[in-house]
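Which chain is which? They are A, B and C, in the order written, and residues in each are numbered from 1.
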Amino acid sequence: MPDAPASDLLPRESILRDAALVMGKDLRIERHSKVTLGQLLPFALLVLILFAFALDPDRRILEEATPGLFWLAVLFSMLLAIQRAFSVETADGVIDALRLSDLDPAGIFLGKAAGIGLHLLVLEAALLVGVTVLYGTTPHGWLLLAATMLTATAGLAAAGSLYGVLAAGLRVRDTLLPILMLPVVAPVLIAGTEAFTAAYEQSSGEGWRWCGLLAVFAALYVVIGIFAFEPLLEES
Amino acid sequence: MTTPSNDSGAGLLRLHPDGTASRGSRILGIVVLVGSVLFLYVALVASKPDESLDAMGQLVRIMYVHVPAAIACYLAFFVTAVASAMYLWKRTTGWDALAASSAEIGVVFTALTLLTGSIWGHTTWGTWWEWDPRLTSTALMFVLYIGYLALRRAIIDPVSRAKQSAILGIIAFANVPIVHYSVDWWRSLHQTATVASLDPQIDGLRLFALFLGMILAMLLYAWLLLHRFRLEFASQALEAKGLDYALQERRAEGRADAAEVAATAAPALDAEEVR
Amino acid sequence: MDAVVRFRAAVCLLGRFPALAGVDLDVAPGEIVLLQGPNGAGKTTLLRACAGLVPVTEGEATVLGVDLVADRRPVRPLVGVLGHRTGLYDDLSVAENVRFWSRAGRSRVADADAALARLGLDGRLADVPVAMLSAGQRRRTALAILVARRPRLWLLDEPHAALDQDGRDLVDRLMTDAVGAGATVLFASHELDRARAVAHRTVTVAGGTVSGLLDGAVAAPAAEPAGEVPVA
């Protein structure tokens, strides 16, 4: 019955185990709250519809611009996804609890990024269906499309987790996050659009080079995040 | 909490009551002034306008401002990145003040670069913006560092502000080559034949004017940095000084409150002793 | 035996405000110490500083052998905090919260389940999302996480607030049981009657400083009447 102080804490396990724990927690939150499926997904499709209003549903324009519009919709949804992912962590003193827990901050970073990335991939899949149906384009070059989505999403999720935790503790985070993030992810927009264009036009050569750029971007931000997340988490 | 060193002698970290000027900065200022006069003469009078263009040829002279301004803004952001790294290593407020000041000046030079670039472009292309790769990445960099300044404004705690903006200062600069490379590559694929690049033929006196401009811009940047840095450093020192007063006030409040609590606790003490 | 908490002239800043303006404090192992004082006195900051959540900028501060001025992070796994805010994910259920935070805090799952039972949360309430609980039930959930953690130092900020009579009795029992098993408790409260009954010693916090003596002995000089209330 007496709860003796735990001098025998469980041994520190790996960063990946911490990341899996955090990602599992985020997925469980999504399962209960259904924000990604119920709000972000409709938002993403709504953006596609608004583009049609803005660009005159002369299908030629929409068809030609499909790759760019796709990635623009992804970027706007990404902003909301990051805001959501970190508003969960700043509510109710949770961030103090994270600091007090024995979770490795690098593990928390990887877990948050993985969770955000997974949600983004779901949104992108829906958007792909969306542009096929709404803009009348037929996807080609599936391997390149898939590779582009994976690498671009990894970069967006990693950069997003980094800037998300930076902005999380601020009162002005909702207006600050976009201007911090969008210049940074502009290369992802460019590269994603070019790669998708190459895939759709079935001239994949250049497309793979752009995919390579996305991979470099993702690797860079994963590394930066692993090191920079801890001090930023402390200051939030 | 680090107390800034108050050496009133020479050196960058001066806290002189009369202001941010010093013998060094005055000499620098005079050099910049004299150099500007020389530069204006060479740029406006001595060098010949680009003959290939017609009446707009005179406006090409704006290149003499555009290129140096661009050099200065990249220098400024490089200094911010280095100062940020130094802050994270040494944790002294001077490095944070340097990073912030340099970023501010950098943003001003970037705005100047964009403005002059747009005007120069107008002489070449006839429109105010043609998505020239260098100008486009400069525009992105502009927003990036405005974000940096916005972040600094959003954090009140000086130590927290210094740490977070230092990390951002380094990451932002790391983004610059990525943005450049991707924008450049992107435009190289889509450049239409009618759009000429922004580089006219430069030789002889024009080259000299350009070099003079670049040196002048760097000196002007240094002069502005000196003053802005001292201002920033002094204001952070003022904040630290305010802390000492706040500590005194807090302790006085504590003594008053403690006496009050003692007064209310005294009856309880008697009750305890009876038990 | 080494003091669990030892502060000498410790200064803690919240932004530019000196929340702690020079605190001297000693807490011995196995003690239950009550922090009392007016609002804004610095009780919360003092507790957070002991938890390693707030940097100590001047003075000396050692908790459980960890020098907080040098690096405050190693003290965090050793302490348990019950703060004003619950630290719970609103969208998850009680059981999911307790299990997640237990696994995050390196506690065993068995401890988490036992804690749920101890706090009366293992029945119907276990699967209710935290967002739908009352303030008192959320407090209990936060307490369950604390209990499962089995820390050596308990830091409780107004633990009786928002709880009903049963809940308050439970908190008192938890504190005495924890100390009985070798832990130390430092808590702040405005419920002075109940708190003084369970505390071994009272310390007054005012204006970011602590008045009263260091080692809990009865005050001898009449000039220092405040703060020391010996428990019979």
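The rule is short, and it goes like this: a contact is a pair of C-beta atoms (placed from the backbone, for glycine too) under 8 Å apart; a residue touches a chain by one contact, two chains touch by 3 or more.
Not measured: the values here are computed from a predicted model.
**Student:** Graph of touching chains, which shape: line, ring, star, complete, other?
**Tutor:** Basically all the chains touch each other, so complete.
**Student:** Count the C-beta contact pairs for A-B and for A-C, then tell me which is higher.
**Tutor:** A-C
**Student:** Which chain wins if you rank chains by how close their C-alpha centre is to the centre of all protein C-alpha atoms?
**Tutor:** A
**Student:** What is the distance, in whole Å, between the centres of chain B and chain C, each centre taken as the mean of its C-alpha atoms?
**Tutor:** About 45 Å, centre to centre.
**Student:** Averaging over Cα atoms per chain, report the distance between chain A and chain B in Å.
**Tutor:** Centres of chain A and chain B (C-alpha means) sit 31 Å apart.
**Student:** Indicate the whole-number Å distance between the mean C-alpha point of chain A and the mean C-alpha point of chain C.
**Tutor:** 38
**Student:** Once bound in the complex, which stretches of chain C touch chain B?
**Tutor:** 11, 13-18, 21-22, 36-38, 41, 55, 57-58, 192, 196, 204, 206-209, 211, 225-227, 229-230, 232
**Student:** For the complex, give me every residue of chain A touching chain C.
**Tutor:** Per the touch definition, chain A meets chain C at residues 1-7, 9-12, 18, 21, 25, 28-29, 32-33, 88, 91-94, 96-103.
**Student:** If you look only at chain A, which of its residues touch chain B in the complex?
**Tutor:** Going through chain A, the ones touching chain B are 162, 166, 170-172, 176, 179-180, 182-184, 186-187, 190-191, 194, 206, 213, 217, 220, 224, 228, 231-232, 235.
**Student:** Provide the residue numbers of chain B that touch chain C in the complex, in ascending order.
**Tutor:** Against chain C, chain B makes touches at 1, 156-159, 239, 242-243, 246-247, 250-262, 265-266, 268-269, 272, 275.
**Student:** Mind listing the chain B positions that touch chain A in their complex?
**Tutor:** So the residues of chain B in touch with chain A come to 140-141, 143-144, 146-147, 150-151, 154-155, 160, 163-164, 167-168, 171, 174-175, 178-179, 181-183, 185-186, 189.
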